[in-house]
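Below you'll find a set of structures to go through.
Consider the two complexes below, in which chain A is the common component and chain B and chain C are the respective partners.
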Partner chain A sequence: MKNNLTNNKMLTIALLFIFKANGLTADNLNGLQVVQKAYNKPEPKTQQAVLKMTLVSSSGGKRERILKQFVSNNGKTEKKIMFFEKPSDVRDTSFMNFSYDNGKPDDQWIYLPALKRVKRISNDSKGDYFMGSDFTYDDLGDRNPNDDNHQILKEEILKNENCYVVVSTPKDKNYMYSKTVTWIIKDKWLVMKKVFYDTDGNLLKTLTMTGHEKINGYWIRTGSEMINEQTKHETIMKLSNIKVNVSIPDSYFSERRMKRGIK
Partner chain B sequence: MRFENLLKKMLAYPKIILAGILLVTVFFFISLKKNGRMETDLDKYMPQHHPAFVYSNEAEKWFDIKDSIIIAVENKDGIYNSQTLSKLKELTKALEAMKEIRKDDVTSLYTAENIIGSEDGLDVKAFYSKIPQSAQEIESIRNNVRANDMVYDRLVSKDETVSVIIARIDDDMFSQDFYKNLTSFVKKFEGPEKLYVAGRPIVEGSMAYLGPKDMKKMVPIVLLVIVAVLLFVLRNFKSTILTILVVFFSVIWAFGLMAALKIPAYAVSTMMPVMLIAIGVADGIHLFSHLHLFMTHNTKTEKEDAVYNMVKEMWRPVVVTSVTTAVGFISLLTSEVYPVKYFGLFTAFGVMAAMLLSLLLIPAGILVFGLPKLKKKNLAKERKEEIKESGFHESASKFILKQKPTVLIVTLLIMLISSYGMTKIWINSSFLDKFERDSDIVLTDKFINEHFGGTSTLNVVLEGKEEGIVKNPEVLSRILKMQTDLEDNLTEVGQSFSVADYIRRMNKVMNSDKAEFDKIPDSRELAAQYLLMYEMSGDPGNLWRVVTEDFKKANITFQLKSDNSKALHAAIDKVEKYRDFFNSKGITMNYAGSGYKGLVFNDLILEGQIKSVIISLFLVIGLLSLMFKKFSIGLIGSVPIIITTVISFGLMGLFNVPLSTTSALLASIAIGIGIDYAVHFIERYKIYASETGSIEKTVKLTMLHSGRAILFNAFVVIMGFLVLTFSVFPPNRILGTLVSLGMFTSLIGTLTVMFIMLHHLRIYFKKMK
Partner chain C sequence: MKLNIFTMAAIIFMTANYGGLFAQENEINTEPENGKPAPEETSEAAVLSGYIRNYTGVLAKGGNDYAIIQNTFDIRLKKQTENAAFKANSIVYHNPEKDKDIELMLREAYVDLFFSSMDIRIGKQQIIWGKADGVFITDIISPKDMREFLLPDFEEIRIGVTGAKSNLYLNDHALEIIWLPVFSAAIPPEAGSIWRPEPSFPVSPVFHNDKEEVDGSLKNSEVFAKYSLMTSLIDLELIGGYTWDDEPVMHAYKTIDPATKQITALDIYPEYHRLTAGGGSFTFTIDPLVLRGEAAYYKGKYFNSTDPALLDSFVKKDYVNYMAGADFTIWDIKNSAQFIQKIILRHTSDLHDKKFQNLATYLISRDFFNETLNLQFFVYYDIDNKSSLMRPKITYKYADGFDILAGANIFTGSEGKFGQYNKNDMVYTKITYHF
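Showing the complex of A and B:
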């Protein structure tokens, strides 16, 4: 048994060495290609689901938000509209986000039912955290692969999935992470795990996929967990009642709909 | 007497005794060198299990409450120009890069976010990120700042000549090296702007460092002065050396034992050497004084006889004074503050060590190195002097006895005035007040307080049971009302900050910046939605410093322009008026933060102090009664120390010297040392009473023998402590003044009031009457 382990280790080291040498995987993919495959994996045109977001503070206090979300993606623009169901004091608050493929900053709107007004929000200052969670928009899959340099570190089996382990370093030295390490499942092209390092090179966050399903031929991530290792704050996201490619008219993504709600 | 015989038997081997003492001293010295360390983390001084501390520490975790270092950048021509704005940015970045400071913990005009409302939306923007060049860009920054209450007057002064950078820092991150680095690196940014560094971590850090540093410098000088005065008083080199060695060794023993037990030295422990010096010399003075007297009367004495007589006659008062002094310090064990407990315990040990050393080292030293030489030719003169002196003592005592009514009336008057003074006494937990009024630290603090909301903080923590209770408009409005109440009605409260400010700001911004919306909205839903919106658009990290994520708890920060207890208490008194309302909503109210902890800490020290003074007073009365087998002696003997305590506190009240951790310790010291005079005096009085049977002779002899030694003792200690009044660290100056004063009043009290009482009540003469 012990012998076996050593052999495995040897093998890994040998493999690592080979990969390091030519920077390619066994399938002849380089780091950038692996990340691009994940970025461009087949996505349904539309998706609707119930999102349960649990925010856990370092002292263990939990907050739960339940939202209904509708997403449509035409390959160039991803449009998303979300309606809050819980907590009750923000019920019917809605949020709309358009994110563009061409690097243009996202457009965002919020509707506050108590104010009965839709407001556009723009923020150019801070790290763009998604709804006060531990996820940034980039972490949710928005980041363009060309913004980083990628290098395959190794291949590894994680929770019975064959993964590529890719180290990415941003081209922009001022970016909020100095380095990320991503485990990408072969064939499914889903991110299994991702580790983020802050600008000082210290471990900042760990993202873990806690569930994925194949729905109508698409691999969809249904659960993820992000832990900020420095603040010990945690965000758990779970998708349920997922429906894909149910047509949603473009007019659905409008201020009028935000005000009307899902009723 | 068994103890006497034991001492005698031991003194048969003086060399072995000396060697043994030396060995023990070396052992303690090595242990001190090896394990001795100074505790500089102020948190370690606090009683961590005290409920107020437990709560505050919890609350500090909930809201990430930390103390801040404040760097102020002043440009007399105004800060709105490319150069000053660029300096603000550079400084911010440099601070963010420091390893002691977390990146998110730096706030400045450069990092601040400006939430601006418009008809159609909400913009969260930096005030600037690239250095603005055109006058137009600079003007727009100015206007944005003026329109934003969360920045105007908080990060930029109203007159627009000063902007601050606030760096929050963990308690354990602050060190003298860090402070040095910080100031030297800040210096690089000087000109034409002036830069100032302030904040509680710096005040605390400097205090924990300056006090002991100053003591280190002062102790040798105190010792030197005492040596000089001893030489003058004892008129002999050998006696002086032996006396000083006793003191010196007792200090090493006390600190050595501390180190051996792995207990670090705290700031208050640095007072131990001075205490032990002041107390320890007394034994030597009394022993040598007796020896001297014996030798003048028995010129041809052998050293053995002289030494045995000295030990025989003097061991009792030495033991009694040491035990009573030690008891005074032991009473400090009742304190809840560990550094004070240790101070009491190890000073008591030091006192007992000094006693043991006096009874062994001094006689053994004399036996080995010979009697102190009395210059033969002077002997006759000395006799004459003694007669003259005894004449003086006689007339002095006669004078005192004659003035009995005057003395008593004057004493009563002084006590009355002092009692009035005591009512004026106030407690000060201020750290800042411990520095010179013209020191950099105080001046910088003053400068920043003139321009901004305040350098000290008080955190009020609200804790509800119901989730989301903080979003309740009634609760929010009341929080805001409390904030304005304190800001408007207390000059010491500069600014405050809470979740209500966020909601008020959002309400205004979402209603096109109209002033009439600068208030809490009426519906809980709207408040909740604003907060959600803030979370989605701003930096929620800031929000979690004023409220917890479940909105059950809120943190209201008041900025105070002074860290003294009066300011803190005034703020707390006002805050307390809101307690009932919050309670009616199921919300409990508590306090947190370093300012509050400092206050509690000080109250604890003082409470412990007062407790220990009372306990030690009773213990001393009990001990004296027991040792002299007379309850009346216990009462009479404690009169001088009661007078001393009352006068010390009275003068502090009259001269507006607040009680602080240092001055409060003095009561124990005054009792510990002051009682010695009474013990020596009564002991002699008792001996001469039974020897002579005549009250006149007793008075005369006691005055000559004991009165003289007491006078010398007080003289030596007062001179030693007066040196401290030249210290550069104000608390050490106060210590010097008050101890000198205490010695003086104890001396006078013993030689007048106590003496009169002994005489008047005819103690030890009743049977003969």
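Showing the complex of A and C:
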């Protein structure tokens, strides 16, 4: 028995040494490969859902935002259009984003019903917070793995899910985060948790996945919470009425539809 | 007036509930990819929305008189299906300081018909063109309500026009054709308003208003067309219009005593004139800038002249108006800059207006505390007259749909479009509840 224990300890130490030495997981994946697997996980061609965001202030005050979103991805371009329903002062506002796989900057437009005009807006706004939430536009999208350097930190069981823990540091020194630490569920390739550090290296935000479902064969995150650790402001995000691979014509992603809205 | 409001509301509700045209049909096919798409039937009622607002402004100079004290009830009813929609928007202004304290306006009331590659909108509607902010270049369709100068929200400045609008779509291209059978004029500031500087006349003028109306007839229709393209590279619009100048020309005929050479009588004939306009606008992105441009050529505008050979003091000229602008963000502060120039072609020295008129605008805006607080500063600067209108404001979102705004309108200079109002500096609050 003693010999077995000794052998196990030695094996563990050896594995850790190997893991630390070459930055590989037990599956021989390096940090970039893990993040790439999450980035390239099977996604439906189209997805529609109702998104509800509850914004909770540090004093407990709540505000609610509800919107309908439609996403189409042909492998080269991801098109997303959102129609705001609540609160009442932003009702009928719509937002459209085209994201390109070849690294080309996103195209973004917003329709403001009071102005009755579709405006092209700067894709430089990725660091802006989305509708007053704790999510930036960049947090809501899938960041290209090649924009960061990745290192496997450890493997860990979190909420009964086996996760890789990856630390990512941006290649662009002007990026809004100095580093992120991400818990990625093995096999599902979903982000279970993500911790963001500000440009001074201080803990800024913690993202936690609160729900996920397999819908038509695709793992979809249905709930998440983002807490700003510095202001203690919190955003609870829930997706409902999720439909994947439904027929959404390309004409849906247009100025016409932004103005017309949906009902 | 109350009866009118309730009658209108009743009509709106009856239309909403019994409009057979608005059979329910949802938009998106919801079967999985291996099944045949099928429309999802839903039952959705008309949506009632709007806002209630108190707007109180005090003049900073001249005894702290009220510049405005107004309660507003804006109500909108909208119902939309896949094939059709309707919208009605009426607004009630309560101005306790004015003689006519209640004012009811129908801003929009229209029906939409949607086809696969075409939409048709018929009724009273606001139509807005162009890419410029705070200035009107190719935005030539909806006339302006200038009773409070440029201070109201732009949704309130633009007057709804009655007509038919058709939009045709082909991929990224769209063609919009508008026919307005009924002319709608701009609304000038009321007599006695702080926004209506009274012109000085050598003698008391006599106004002859018999030519002021534009009769509703096919001949007097206005027509407009716009081609637009929205691509990843650029958003582009090309426009044209055969319209009426929304503001009447005040043709002034002088009677001069041959002995004294003095003006003994002044007869003013307000008259609307035709105007033809063509132009375009664009927007594109060069990281981190969004660049905007807009230009229009106007044919047949009347300009005030001191030429003694002119009987009515007006001469017809063409002019060009253009804007170049950029939007960008620095340290979470949104910036927007515009330069606007108006050029009168074949300009002569007798014209009251200069050949080149230069204007600049600048907007700075920043959100704080998860968008519960917004600070904004907007300025119009009249480069030629060195006068400006500065508009700082702070908006606090007390709760969802409930805003408290405090702001100021500060006029600098003594001449020109803004300097003439240098006694109208005001501070104001707007408290708004959206429902």
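Basically, the second predicted complex is superposed on the first by the 240 of 263 C-alpha atoms of A that agree within 3 Å, B and C clash if a C-alpha of one lies under 4 Å from a C-alpha of the other, contacts with A are read in each partner's own complex, and residues count from 1 in each chain.
Everything below uses one rule, namely that a contact is a pair of C-beta atoms (placed from the backbone, for glycine too) under 8 Å apart; a residue touches a chain by one contact, two chains touch by 3 or more.
Everything quoted here is computed from the prediction, not taken from an experiment.
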Joint occupancy of chain A by chain B and chain C, clash or fit: clash
Partner chain in contact with A:Tyr129 - chain B first, chain C second, else both or neither: both
First (chain B), second (chain C), both or neither touched by A:Lys37: neither
Partner with the higher number of touched chain A residues, chain C or chain B: C
First, second, both or neither for A:Gln48, with chain B first and chain C second: second
Which of chain B and chain C A:Phe95 touches, first, second, both or neither: first
Touching partner for A:Arg117 - first (chain B), second (chain C), both, neither: both
First (chain B), second (chain C), both or neither touched by A:Glu255: second
Touching partner for A:Thr199 - first (chain B), second (chain C), both, neither: first
First (chain B), second (chain C), both or neither touched by A:Ser59: first
First (chain B), second (chain C), both or neither touched by A:Pro87: both
Segment of chain B intruding into chain C (one of 59-67, 473-481, 563-571 or 617-625): 473-481
Residues of chain A contacting chain B in one complex and chain C in the other: 55, 57, 63, 87, 89, 109, 114-115, 117, 119-125, 129, 131-132
In the complex with chain A, residue positions of chain C that touch it: 27-33, 37, 44, 47, 49, 51, 79-81, 85, 112, 114, 119, 126-128, 130-131, 153-155, 167, 169, 172, 174, 228, 230, 232, 235, 283-285, 287-290, 327-329, 332, 367, 370-372, 399-401, 403, 432, 434-435
Touch list for chain B against partner chain A, complex: 61-62, 103, 113, 120-126, 129, 468, 471, 510, 521, 523-526, 528-530, 532-533, 535-540, 543-544, 548-550, 552
Of all residues in chain A, those that touch chain B in their complex: 55, 57-59, 61-63, 84, 87, 89-90, 93, 95, 108-110, 112-115, 117, 119-126, 129, 131-132, 198-200
Contact set on chain A toward chain C in their complex: 45, 48, 55, 57, 63-64, 70, 86-89, 91, 98, 104-105, 107, 109, 114-125, 127-129, 131-134, 216, 233, 243-248, 251, 254-256, 260-263
